[in-house]
């Protein structure tokens, strides 16, 4: 895997308003040298397009999908129903219920179709989780994850208050 | 509309274990002389089949869909994304969270794709709501709804304790 | 049905402060060529007026009622108890509990009297749901709904990020 | 006020299934020598009857109403909208949400129409609260309440474990 | 009862920061010609003072107590344990949990010691509820409550949108 | 400190029905050689007795109080308001809300009066926490706590599945 | 990868009582020909052992860890802090709060240390998610996942009700 | 114990952003003449450092630890698993869920490893609780706690509104 070449991760979000949250996933992936493709495809407003995109994902070389959605957040679960790739779900913080609806709509999937759910609004962790998954196959990602963990620990040690 | 002939309502549920709950919708509809078709089609385990079924629904003469699902309950929302028919969602009571997850997964739909949500496990009301919807077109259903309401009021008046 | 003539939908809200939320329902209906009448009638502060208004609704030609209320939100359920028309409930986002109280007060109706509940504050979807209901009787509304869905899908396809 | 003569308290419940809970209110009232009348009148299934009953309540000599209801529990709030008598609301424990829906539907009333809410399923306390209210007018009830409090304290003091 | 003379209602709050909320109770009571006394007495920071104050309340002529508190809100329940007067509890909206903690701490009292709970932050309704309670003894308060209800209904009828 | 002699910990509970839960605290304390006294004293049904008991606690040689209560659970907070001893609160699992009401009523104390809260129904941990507190003064308790921790770790290591 | 030879997945649980839930993960993995090792190692009762085990995991050839825990469920997060392998968290259904505590304790991880969370009690999905992750490296697992998805869809199509 | 000399309390927080909340604990302790040491050590980003720090705590003379963390807040529980000192947990208010996640992650510890939990964001109470614990050994702290309680009561008595 040479960096920034072929996207290994597809980042999909339900609405353009999710972009500010979801681009943290992209930033995380860049830190680990993983290229990604980012798209707005609503499970509700464009179901056909979502089907096409997710069905083609594996054939196009994607190895992980990251899906962000809010409220009655069906995008990650529907994607996980269409592909057998690992799907990571990011519950976007919703207005009235602060993302509790998004979280439950994503994490409480029925037996047979898992979504790897991260915390509310935590697209950064979705990117890191994708890197952890890819690291089982790409040793250079594993090395970068190790360095990242070491850097976090070092920063904690040096924190002055 | 002659009774019990052409099904006007399609009842779909995510799992066979939802049948006990969902047949209350069928019973309600029978009370108002409305025929229905009942199917198990999981949005997650058989997404293609769901797409086909819901896309064909209007052409086959359905005028209302009732969808029951539990947990991360995507069936009603996905159906509402595929058809422009009115879709009624029944949140099935889930084990750990007692249907709060099902309710939020169904009712909190994004702008553009509404699901007419009833109470947790209340498939009976889904059937009556379908009848109320049909009653704007079929006067005989309106008449039966009026009789039903009168009967409910009468029973209350006669309740002895 | 010629556009903007006879109102087919009555929009009722519990308080004038709900107006900003509820006029989204009106806007939605306009998009589908459906005329509506909008009124503030509190179930709590003017119960007699609500009774009169809802009892007369069907005779005045209304085919769907949309009711918005917040907190201990009784308006939609009480309206549904008085008429057999389909009643759509909009849980208004409340201050302390963010509309969770409104949602549960509206959706958890007892068997016999359904309210078609939409998401918290989602009056736009209430308007679209009313249009979906009317579309089973008025083909021109069905056509507009189809165009609306196509437009949503097209917009998703053209979203650039 | 001579005991057991004229009922001063009306106990209303939404459904006959609430009777087991609500008769605790009656028992409490008996303990304080207050007569009551108990009725099943659903706000949803018999709205006209409820209006009549509550409108007539003050004229018939009632001084407090106790209303029990579950789920989207509108009975206490609607009663409080019709009468200016003090209305006590008892949230009946519901199946899926354990009475949280009932509680919020009763307690979160809008400004202007209060319901004196007690704990979930706590009809006993509704009876005692009615007695406390009546005690400001009827000294013999006040005396019985004092004795009741003394007895509770004495029992605590004598509890052996 | 001549207006503004002897206070019939004691309003107690746990903290001076509750004053902005609680003075709505005072305003309500003024509307019905009921005098009140308002005090800050924390159940936690000054338990002895609370005991003294509440124990003396009946002897001093109070007929209703209104207690507002937030978070782990013990003031209303402790007051209700000390006196047999009717005690109204106002759950003050708390910072982190928005008053859900205050509500449950007040409403879920054990059998034997009821607190008449109103909605979160709804001190206005606490004042009106106190007036309703007093109205069973003071006909002039009943008359004012009737006028208040009529005025609310009239305002609704005249609302233009 | 010689074992089982002078009780250092007072265990108080709101109701005799809490005994089954609370005796786990006693068992825990026995394991660490700490004597305790166990009493039923409701903050609501016997407020005077509670005041006396807690005010006298320090003088009688108690160094920690453990208070268990359910629902609107005021016992631990009221005790903490009366004494400056460390007070541990055990939220008893309540029927309708499963102890969420008990937990919030205990843990969300206002600034100035802390209650050391343990998990819902977890009286065992209340006992161990009391032992941890006493261990800063009594080395023999510290030793027993160390042995207890070692035993737990050993048992985990030996667990076969 | 030849089946059942070297374990690629480590399944860890906080308590032996979690075994009944967690063995569903093992069953899932068997279905996809993935060997695993299952251990009880509490983050709380044996923190040293957990550190050793997780630190050694990658060196021993594990590529995914599945961690199940209930209540204040720290096991998955602590494991994810020690290793850079992908860690899947299973919130065990807890007694009082039905796993809501477990879910939030696992999914709401801070930025930098993700846990791939599945639904409450859904160890089956944890196993399938581990298989999806491994499938990006092991084509035979990918094939088995495809067959599994096809079988699920087929079963839905053949469901008779 | 001479004031401000040897720190008896260690205050640890998961992130520098928790400092604003946690320094209230330090302020409280100063009020009671108790010295403390304050450190940022994340359980997730620097698990080794946390282990070392907490393992050494008792040997270094600490008698109480105060740990603040938010979201999936593991710091207090992990600390309590490593030491037998009393550990006080402060649930930091989180962004989306307002600290409900933090609270449950801290308070719902399994049997055997208690965390003395205070209210959401209530580091002030954590400091006072630490002082109450120390007061069983250091009479001068007990005296200061008594004065503090008297001052609070006096301030309440003098509050004018």
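For this structure, a couple of remarks:
For clarity, chains are labelled A, B, C, D, E, F, G and H in written order, and residue numbers in each chain start from 1.
By definition in this document, a residue touches a chain if its C-beta (ideal position, glycine included) is under 8 Å from a C-beta of that chain, and two chains touch if they have at least 3 such contacts.
The structure presented is a predicted model; accordingly, all values stated were derived computationally and were not measured.
Chains that touch both chain A and chain G: B, H.
Counted by C-beta pairs in contact, the busier of B-C and F-G is B-C.
Chain A and chain F have Cα centroids separated by 44 Å.
Spacing of chain C relative to chain E, judged by their CA centroids, is 36 angstrom. Centre-to-centre separation of chain D and chain E, using mean CA positions: 18 Å. The geometric centre of chain C is 51 Å away from that of chain H, both derived from CA atoms. Shown for chain A are the residues in touch with two or more other chains, namely 42, 45, 71-72, 97-98, 100, 107-109, 112-113, 115, 119-120, 152. Interchain contacts (touch definition given at top) occur between A-B, A-C, A-G, A-H, B-C, B-D, B-G, C-D, C-E, D-E, D-F, E-F, E-H, F-G, F-H, G-H.
By the touch criterion stated above, chain B contacts chain D in their complex at residues 93, 98-100, 119-121, 152-153, 155-157, 159, 161. Of all the residues in chain B, the ones that touch chain A in their complex are 14-15, 42-45, 47, 51, 70-74, 77-78, 80-82, 94, 97, 100-101, 104-110, 112-113, 115.
By the touch criterion stated above, chain A contacts chain G in their complex at residues 63-64, 84-88, 103, 107-109, 111-120, 122, 124-126, 128-129, 132-137, 142, 145-146, 148-149, 152.
The residues of chain E lying in touch with chain H in their complex are 16, 19, 38-42, 45-46, 48-49, 71-72, 95-98.
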